[in-house]
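Two complexes come next, and they have one chain in common, subunit A, joined by subunit B in the first and subunit C in the second.
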Partner chain A sequence: MTIKPYVTSFVLQWKIGLRYRLAVLAGLVAQMWFGAISLMAYAAVYHHAPGVDAPMTLRQAMTYTWIQQSLFTLLPLGCLPAIGEAAKSGAIVYDLLRPVDLWNWWLSASLARLLGNAIPRAVLLAAVAGPLAALVGLNGWSLAPPASLWAAILALCSFILGAFISASIVMWWNIVTARTLSPLGTYAVGTPLAVLLSGMLLPLPLYPDWARELLLFQPFAGISDIPIRLYMGMAIPGGVLTALGIQCFWLAALTLVGRFWMHRTISRMEVQGA
Partner chain B sequence: MNAFSLYRRMAAASIKAQLRYPGTFALQLIGNFVTTLLSFFGIWSLFQRFGSIAGWDIGAVAVLYGLVNVSFAIAETLGRGFEVFGGEYVKTGSFDRLLLRPRSTLVLLLGHELRLRPIGRFLQGAFVMGAGFWLSPHVSWATVWLLPWAVTGGAAMFLGVLIGQAALCFVTVEGLEVVNVLTYGGVEAGQYPLTMFARWLRRFLTWALPLSAVCYYPALAMLNHPDPLGMPLWFGLLSPGMGFAFLGLMVLCWQRGVAGYVSSGS
Partner chain C sequence: MKNAAAIEVHDLRKTYQVRDGGSWRGKTREITALDGISFTVPAGEIAGFIGPNGAGKSTAIKILAGILRPTSGTVRVGNLIPWENRLAHVARIGVVFGQRTQLWWDLSVGEGLALLRDIYSVEPARFLRNRERLADALDLHGIMDQSVRQLSLGQRMRAEIAAALIHDPDVIILDEPTIGLDAPSKLAVRAFVRDLRRERGTTVLLTTHDMHDIEALADRVIVIGHGRILADSPFEALQATTLSERILEADFTGPLPDLLLPEGATETARGSRSVTITFDPQRLPAPVLVAHLSTLPGLGDLRIGRPAIEEIITRFYADHAS
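Here is the complex of A and B:
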């Protein structure tokens, strides 16, 4: 088995993601706006209730929010658009006829699209929310550096696992699209699910206590919540090993079940179109 | 046929078209309802943990949240044509065809689609708002007329944003997603009490985009809640008018844009 076709598929989607520079800037403005509103809300809430023993400090909540905002496009909001198009037009047969492993082929394309969208935005927003904000005197509102060198290394590994988890969830949306022949359903379900369960809407540690452990042990937490906690050096029940263990578990489970489901779907698929 | 009955026919055709796929329609409606309800779950969790949002109780915040969502849902229902204007009319050149028709372009674009999907957001907002009034101790009698006045003012303001967004497409051809900061971002900002924000943002949200004028100040008047920043309560009785003023301003921009329109078509 050669790896070359998957690299090609990755590079193609990666280049498509980098093509739209104006969209990157537009996204930056939107992310700054949503980030600023959340930050002011958290600041008001924390300052007004100084006695409350919150699971994360205000400073941590702000760093958490900035990283979440910068990684917005890393979330599995729906299927890969190219596959949605192909399912509608019937061009999906070309993908089925290729002499490659279909799961890896689509996975490398999905991963490349997520990373190609997310990395430029994340770097830009991190530069603006981190060093630049500190330079203009908004130190209290800025993105804090990692807790330690060790935390930075752990977080990097965790972010990489997170990107793979996200791409695997996109694979599930791709399979749903291949089944239903329309990408709309995956966006309708995927976007709210991803926004809520990843911690984009509200940091997962701030949810009511009864929900917190449940929220930690679901696949979307592995995308950005767990890496961010490692980055800030926050305590996770069970420590670093549990954190990475949860991520590896979900990556393995999503891949194994997903592969099985994909083969079943493909074997009974009827392609539409001429 | 006058403009109004023309619009009614276009709207009826649009509704029929959307109901042609009842399964999809029901799913989208439920999806819309659940999505927007989830966003209130986030706010509710903050209350669970901190007891209040900067001294505001959950009743007041629920009313704010409901007001801004109901207003935006109405604007979203009516203004779909303006939302897709850049991609579907300017870029393709099909706006030329609209100009040939002996009707106002505004009416024709309003008739592009009467979108039923935002009903989910509307119902959910109304539901949260009802709960908010029920939880608030001093709801004023003025609510009876102030509520519809504030909601129509808010819908007018958001429709103004959509028309302004479309007018901008005469310059940029493609729709700019940055404007979403004012629509979806406006909804996000409007659901929190204005006092939480920094001064520059408070000024922007009152005098540039009159979001607080259609949402925060009328809500204060309805709940008999004095403004911590010292704006007198009667301001909230008049301020929804600013939403209509904003709409008027955006319609002027639109007309200037149409007058200077040069086709990009094939």
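Here is the complex of A and C:
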């Protein structure tokens, strides 16, 4: 087996992502806007309840929000659009006609699309919310640098795992799309689920005590919440190894169960016709 | 002849479970798409597969392509069972579904071909040679850098055929490859398939609604209907019998005269100033009929054609009704 087709597929999807430069800018403006509103809300809450012992400082909440906003397009909001189109038009049969491992084939395309969308936005937003905000005197509102060099290295590993977890969840949406022959269901379910459970809407560390630990042990936490905590050097129950362990566990579980499910789906398509 | 592979199909059956009403409450019933078909296409032959919609053509094509499992029966394509050795099988075949696109909308034609090169592990030198040859034959040089979503139907179809052939498949399956094409594109596609078979000995299975495709390409014609094979004969044999019939339409400038048609011709339709005559050129050569009609007063125009494929199939049905 050769890895070449998957790499080529990745590179091509990546190029397609970069082709939509206007979408990157529009997304950036929207994310800055939502980020700024969240920041002002946090500032208001923190300043009017100085006595409360919050699990995150205001500075941490701001950094958390900036990174979440910059990684919005890394979330598994629905299936890969190309697979949705192919399911509707019937061209999905061609995917069965390729001498490739279908899981790796779709995974490389899904990962490339997530990263192709997320990385340009993340770099631009980090530049605007980090050094540029500090330069114009908005130091208190800006994106803080990583807690330490060690934290930066851990966070980088964790972000990479997070991207793979997200792509694996997209794979589950892809399988649902192949079964139902419509991409709409995955977006209807996937978008709210991902936005809520990833900590995009409200940082996971700010949930009530009873929910906080539970939320750490679901797959969406592994996409951006865990990497951000590592970046900021926040304490995680069980320590760094637990954090990375949760991510590895979910990546393995999503892959193994997903592959099995995909195999079943293909068998069913072979019996009933696509 | 090299690299060619034969197709052997024996007693192939396929039934689908269908739920009436489309919900879990509906009753399931079985639909038989293929009711025991057998045929063999020797290596290097072009076989035309014709029949009306719903006859079972698409089901047979999908089974041969390896993406559908039959209920029973055996299929061997170059000694591989398609649905059991799917990856090895699909690496050796090229498929064009005329109504669906296999190229990537967001990519240019050239990028799509490069991706296929990596999927099928085509060596770089062979890839460049094939790409050049396909671009020449299918007139793709001008559209290599265009993204697929910008192509016209004819351009896209030619690119689709190039995409199905870039890896030198031993067997190609063409499902309605000329549907919606303009005349020059149809001719280009037909010429290309003919050359391919001559140069590489590629085995070709072709389904079409266009009798001209069959006439231009097929050595053999397999007629399928109600999930069964109604006829399987060399093209010449089919031509000599069923396809031999001709239709003549004559327009008159005045009221229709008394036709007094010679033996072998029958009047099949009549308007106020036109008449349609069906005749068998074996028994009554066209020049004789034309000469006869020319003697009639007020003859304005003459057109000779052949019956549409649907009519031929309908006649097969009538002949084979069980």
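Note that the second predicted complex is superposed on the first by the 269 of 274 C-alpha atoms of A that agree within 3 Å, B and C clash if a C-alpha of one lies under 4 Å from a C-alpha of the other, contacts with A are read in each partner's own complex, and residues count from 1 in each chain.
As a working rule, a contact is a pair of C-beta atoms (placed from the backbone, for glycine too) under 8 Å apart; a residue touches a chain by one contact, two chains touch by 3 or more.
Values in this document were obtained by computation on a predicted structure and should not be read as measured data.
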Between subunit B (first) and subunit C (second), which does A:E85 come into contact with in this model arrangement: first, second, both, or neither?
second
Of the two partner chains, subunit B (first) and subunit C (second), which one does A:P5 touch, if any: first, second, both, or neither?
second
Return first, second, both or neither, reflecting whether A:M269 touches subunit B, subunit C, both chains, or no partner chain.
second
Looking at A:V52 after the superposition, I want to know if it touches subunit B, subunit C, both of them or none. Which is it: first, second, both, neither?
first
Now for A:I16: first (subunit B), second (subunit C), both, or neither, which partner does it touch?
second
Which of the two partners, first being subunit B and second being subunit C, lies in contact with A:A30: first, second, both, or neither?
first
Residues of subunit A at both interfaces, subunit B in one complex, subunit C in the other
none
Please give the residue numbers of subunit A that touch subunit C in the complex, ascending.
2, 4-5, 7-9, 12, 16, 19, 82, 85, 89-91, 93-94, 96-100, 269-274
Subunit A contact footprint on subunit C (complex, rising order):
16-17, 59, 62, 65-69, 83, 86-88, 90-91, 93, 95, 97, 99-102, 104-107, 111, 114-115, 118-121
What does subunit A use to touch subunit B in their complex?
23, 26-27, 29-30, 33-34, 36-37, 40-41, 43-49, 52, 54, 184-185, 188-189, 191-192, 195-196, 201-202, 206-208
Subunit B residues touching subunit A - in the complex, by the definition given at the top:
24, 27-28, 31, 34-35, 38-39, 41-42, 45-46, 48-55, 176-178, 180-181, 185, 188-189, 192, 195-198, 201
